[in-house]
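Notes to accompany the following structure.
Chain lettering (A, B, C and D) follows the sequence in which the chains are written, and residue indices restart at 1 in each chain.
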Amino acid sequence: MSSFAVRTDLALEDRERIGGSDGEIRGVILEEVEKEDSGIKVTRVKIETKNGAKLMGKPVGTYITLEAPALTEQDEDYHREVSGELARQLKSVMPDAEKEQSVLVVGLGNRDVTADSLGPSVADNLFVNRHVVMEFGRAAYAKGKMHSISCIVPGVMAKTGMESAEIVHGVVKETKPDFLIAVDALAARSTRRLNRTIQVSDAGIYPGSGVGNHRNALTKESLGVPVIAIGVPTVVDAATIVGDALERMEKESGLKLIAAREHPQAVSELNNMYVTSKDIDETIKRLSFTVSEGINIALNME
Amino acid sequence: MSSFAVRTDLALEDRERIGGSDGEIRGVILEEVEKEDSGIKVTRVKIETKNGAKLMGKPVGTYITLEAPALTEQDEDYHREVSGELARQLKSVMPDAEKEQSVLVVGLGNRDVTADSLGPSVADNLFVNRHVVMEFGRAAYAKGKMHSISCIVPGVMAKTGMESAEIVHGVVKETKPDFLIAVDALAARSTRRLNRTIQVSDAGIYPGSGVGNHRNALTKESLGVPVIAIGVPTVVDAATIVGDALERMEKESGLKLIAAREHPQAVSELNNMYVTSKDIDETIKRLSFTVSEGINIALNME
Amino acid sequence: MSSFAVRTDLALEDRERIGGSDGEIRGVILEEVEKEDSGIKVTRVKIETKNGAKLMGKPVGTYITLEAPALTEQDEDYHREVSGELARQLKSVMPDAEKEQSVLVVGLGNRDVTADSLGPSVADNLFVNRHVVMEFGRAAYAKGKMHSISCIVPGVMAKTGMESAEIVHGVVKETKPDFLIAVDALAARSTRRLNRTIQVSDAGIYPGSGVGNHRNALTKESLGVPVIAIGVPTVVDAATIVGDALERMEKESGLKLIAAREHPQAVSELNNMYVTSKDIDETIKRLSFTVSEGINIALNME
Amino acid sequence: MSSFAVRTDLALEDRERIGGSDGEIRGVILEEVEKEDSGIKVTRVKIETKNGAKLMGKPVGTYITLEAPALTEQDEDYHREVSGELARQLKSVMPDAEKEQSVLVVGLGNRDVTADSLGPSVADNLFVNRHVVMEFGRAAYAKGKMHSISCIVPGVMAKTGMESAEIVHGVVKETKPDFLIAVDALAARSTRRLNRTIQVSDAGIYPGSGVGNHRNALTKESLGVPVIAIGVPTVVDAATIVGDALERMEKESGLKLIAAREHPQAVSELNNMYVTSKDIDETIKRLSFTVSEGINIALNME
């Protein structure tokens, strides 16, 4: 693409953009499962080869998308159903879900920017017990088996002077969890997907930005333990939304307007800008509760 | 305009859009004063007639704009200079600034949405003394003359079930201030004006939305006392940014692409969406301090 | 009492202190109802005469106390039971609970002081609908009957320059609710009652301090509509806790140590100090959810 | 002492309790310096031997106390003076203050409990630059010499499942700072010292509680780099305040009331309770600004 590069954190949107809805992509497998009763659509994109990863612009791994249109509404029963489905999908990518393990949940993002506060807000509602297990043993809880759960909100570089990933690497070295669950707000390509889509992936996560910055990666390669990422798109990059509108206009008008699309000033103005919804505070409050409940259910061994 | 209506809360942008930079508008007067030492550009738009108000889409009154490009930077001395200039401009529209009066400052907007939290954040740093003056008299302070200052953050309708204006009307009836200062985050047309422009106006304010909803107005007509509005643009409507990009493309390509611009689906997707900057948390922190200092200085009679 | 005056906002504690557990007080009626299944003890103190009010140091009215020892624990089912019981008791003092009415809920206290943030926190989880009812009518909801619910968090005098009561009076004049529910954090005499007791009263409330300051009262007399108060003790005055310890020592030692108890320096040091629990953040989070659910259930007419 | 053990985090209060105002303690040196112009009293307690450490109940090291009575007032000039004095004292214990170093500032405590939020609030106002220095080098700033500054708020165990010290150890291993500055709210013995005393120490800090828990220590021994602790007493333990009142009563009455003082029920009720001031929100806001300014000045090499 040109300077209005279309950025998305959703593998599903990459898949749509590249392959069309029917076309095949070598090294990428797509499965859809419609959940008829709840209306939650679950899609699984598996990137299996390096070639697939290159085409998709995302690392090799499994990317599960839950599309739940009513997530934007205030319906407690529906949110509970989504939490249940999220828990099922989480368990499907957890390493050895039936064995007692220690889990570190990482709430990425910026607590002080509403659209970016999903990770910290999920952390606020999480059940943690590692300190109790450390002091009294698992016997402190009258249960058969249980995981040991800890949680960190690393904050953002402008306030800590450190990459989120540096802080997480340090905490992992010190506390040696068996695997990580990292939660973050994502960028989608289309406003239609905002706040109603949850992506679960076993391919790790790159807080803050693009693939390739290794100091910045939270992956099995960099940390030595598996990393499950949970994300919800809450923003669209401003350049993406304009680029998308221009592309649509080209299609409809049948004209090629490449010069305008690459206009450098128009692009630079939109850098560091994003689009989000006006009721993002209510949205994050509901979504963070739904995601934290999904994690709590998945990590409860009863 | 078409369905991508360009919305701005800045009278200066209306003036640019309508009159061009040279053209005259009947009933609207424009004065510019460049402050050479500080680089703060002060512009004064006076809407004097009903005709001018109709053309501009804004009520009759004076609209002062401070354009201070370095406001987005972390430079304490510069922010102090802007606070001083804001105080001077505030005093120029305050009714009888040399007389002891009671002032109610209103922090409009939503504390839980970062880009909309300017009003509540300004309230946090404001000097208030009405309760001390009520209990001990002005003699409690070792000063010649002083205003009595109170402050309210009415919150947003989704959380209170009431219009901000209803709450303010009630508080005005009960506490009878001599005039109001209302602070709010605004929408600009252009991303270039975001976070570096302050508008001061004596024309009142319409929290939440468009002119005409009288239950919603904070004006001299509805409240019986003067209302000075202070606003800083922190967002651009998503539809505006796309409409603007399309308009620019039309100009550059020399084509008329009206059909595309009125595409109803594209518009409805963008409703209830806005564009803001990624570091809006740091921005609001600095701006709210600068604006509250400006008010504190203007209301200090020493 | 002496200079270490024992202060409590709980009528039940006044009753214990004055009458002993068996003795009668003229003008004050005491009923106890143990709920055997849930372990919630409900007590009803009715102050019926001016004499009773004088003896008790509280206005004429009904004071219902729910004592729920396990409220300090993290047990969702138990909290749900307490919410249900609170809803029942609320309805018992609501004026005409079966008629559609408009209700203003007031969240008193200081959001920025954890132990005093119960009211604002309850407001955060409240269902409000007045704005929807005003715009679309009750038909907007697919229900038989419903109340119209609004909510205000007036804030504290140090930040607004106004008494909470002034703000509430103004909002009541403007929006004319049929009755008020005011929620506040209370002071108990004994640390044993902290965070596990809920008081519901139809006698109004005096935010900030003592009876008699009429500018400060939220009562049927001052507002013209009934006021139901809900309070949870979260603090003990520091002077009370010391006075109580000294009193206990006198009893146990059989000595009168009045001189020490009136020591003026010791008292003045403790003014403006209170005692609270170290995990007050978790406590307020749970309690505010339990109380808001109680109100939501009581105001739901289905 | 008995079960109402008097706890203080201030070495100065230990010194007063043990040695009296005149008496000597072997292994402990006391120096006082009254700053006449500002009214800030600076005291330096040096614990030089193991015997002194045992007597004082605190590790070997230097403890500097700034007593600034007017810190509780809203006087910007005075707070600026205290920041300046704090900066001077900080530099006196910094290792090699004239050499460019990397510093990690740690904001200990609980952001959600007002009286315990000093550390996180100081972090909010801190200048950090490590990420800029890492990316662009020190040349990014037009300065002669500069430190590289990072900052972490580890949060509390109930929310993270980890000791604060575990998180800090991990971050230190990963980012290898030259020394640490740890900021925390402290417990004093006397309410008279609350909110107007700053302690600076080179003896490290034990977040959460008592000496001896090595997993919990932030010291040169455990981390390998020097740790400077800055603390302000904002609470008194509830048991301490009652024990102190009883002790005073014993002295004044000439009686020994040991039985009462050891009353187990009275003590257990007060466990996990603390005493703090009613305006703790305003206090923390001012104090955190004063302390962060002191650190910012001390770490600015110009």
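Convention: a residue touches a chain if its C-beta (ideal position, glycine included) is under 8 Å from a C-beta of that chain, and two chains touch if they have at least 3 such contacts.
Quantities reported herein were computed from a predicted structural model and do not represent experimental measurements.
Traced through touching neighbours, the fewest hops from chain B to chain D number 2. Over half of the residue numbers at the chain A-chain D interface are used by both copies of the sequence. Chains compared, chain A against chain C: the Cα-based superposition rotates one onto the other by 180 degrees, nearest 5.
We define each chain's centre as the mean of its Cα atoms; on that basis chain A and chain C are separated by 43 Å. As a whole-number value, the distance joining the C-alpha centres of chain A and chain D reads 39 Å. With centres defined as mean CA coordinates, chain B is found 36 Å away from chain A. Multi-chain contact residues of chain D (touching two or more other chains): 158.
Chain contact topology: the protein chains form a single closed ring, every chain touching exactly two others. Residues of chain B touching chain A in their complex: 110, 112-115, 158, 190-192, 238, 241-242, 245-246, 248-249, 252-253, 255, 257, 259-261, 263, 266, 269-270, 272-282.
Within the complex formed with chain D, the residues of chain A that make contact are 123-124, 128-131, 148-153, 155, 157-163, 166-167, 169-175.
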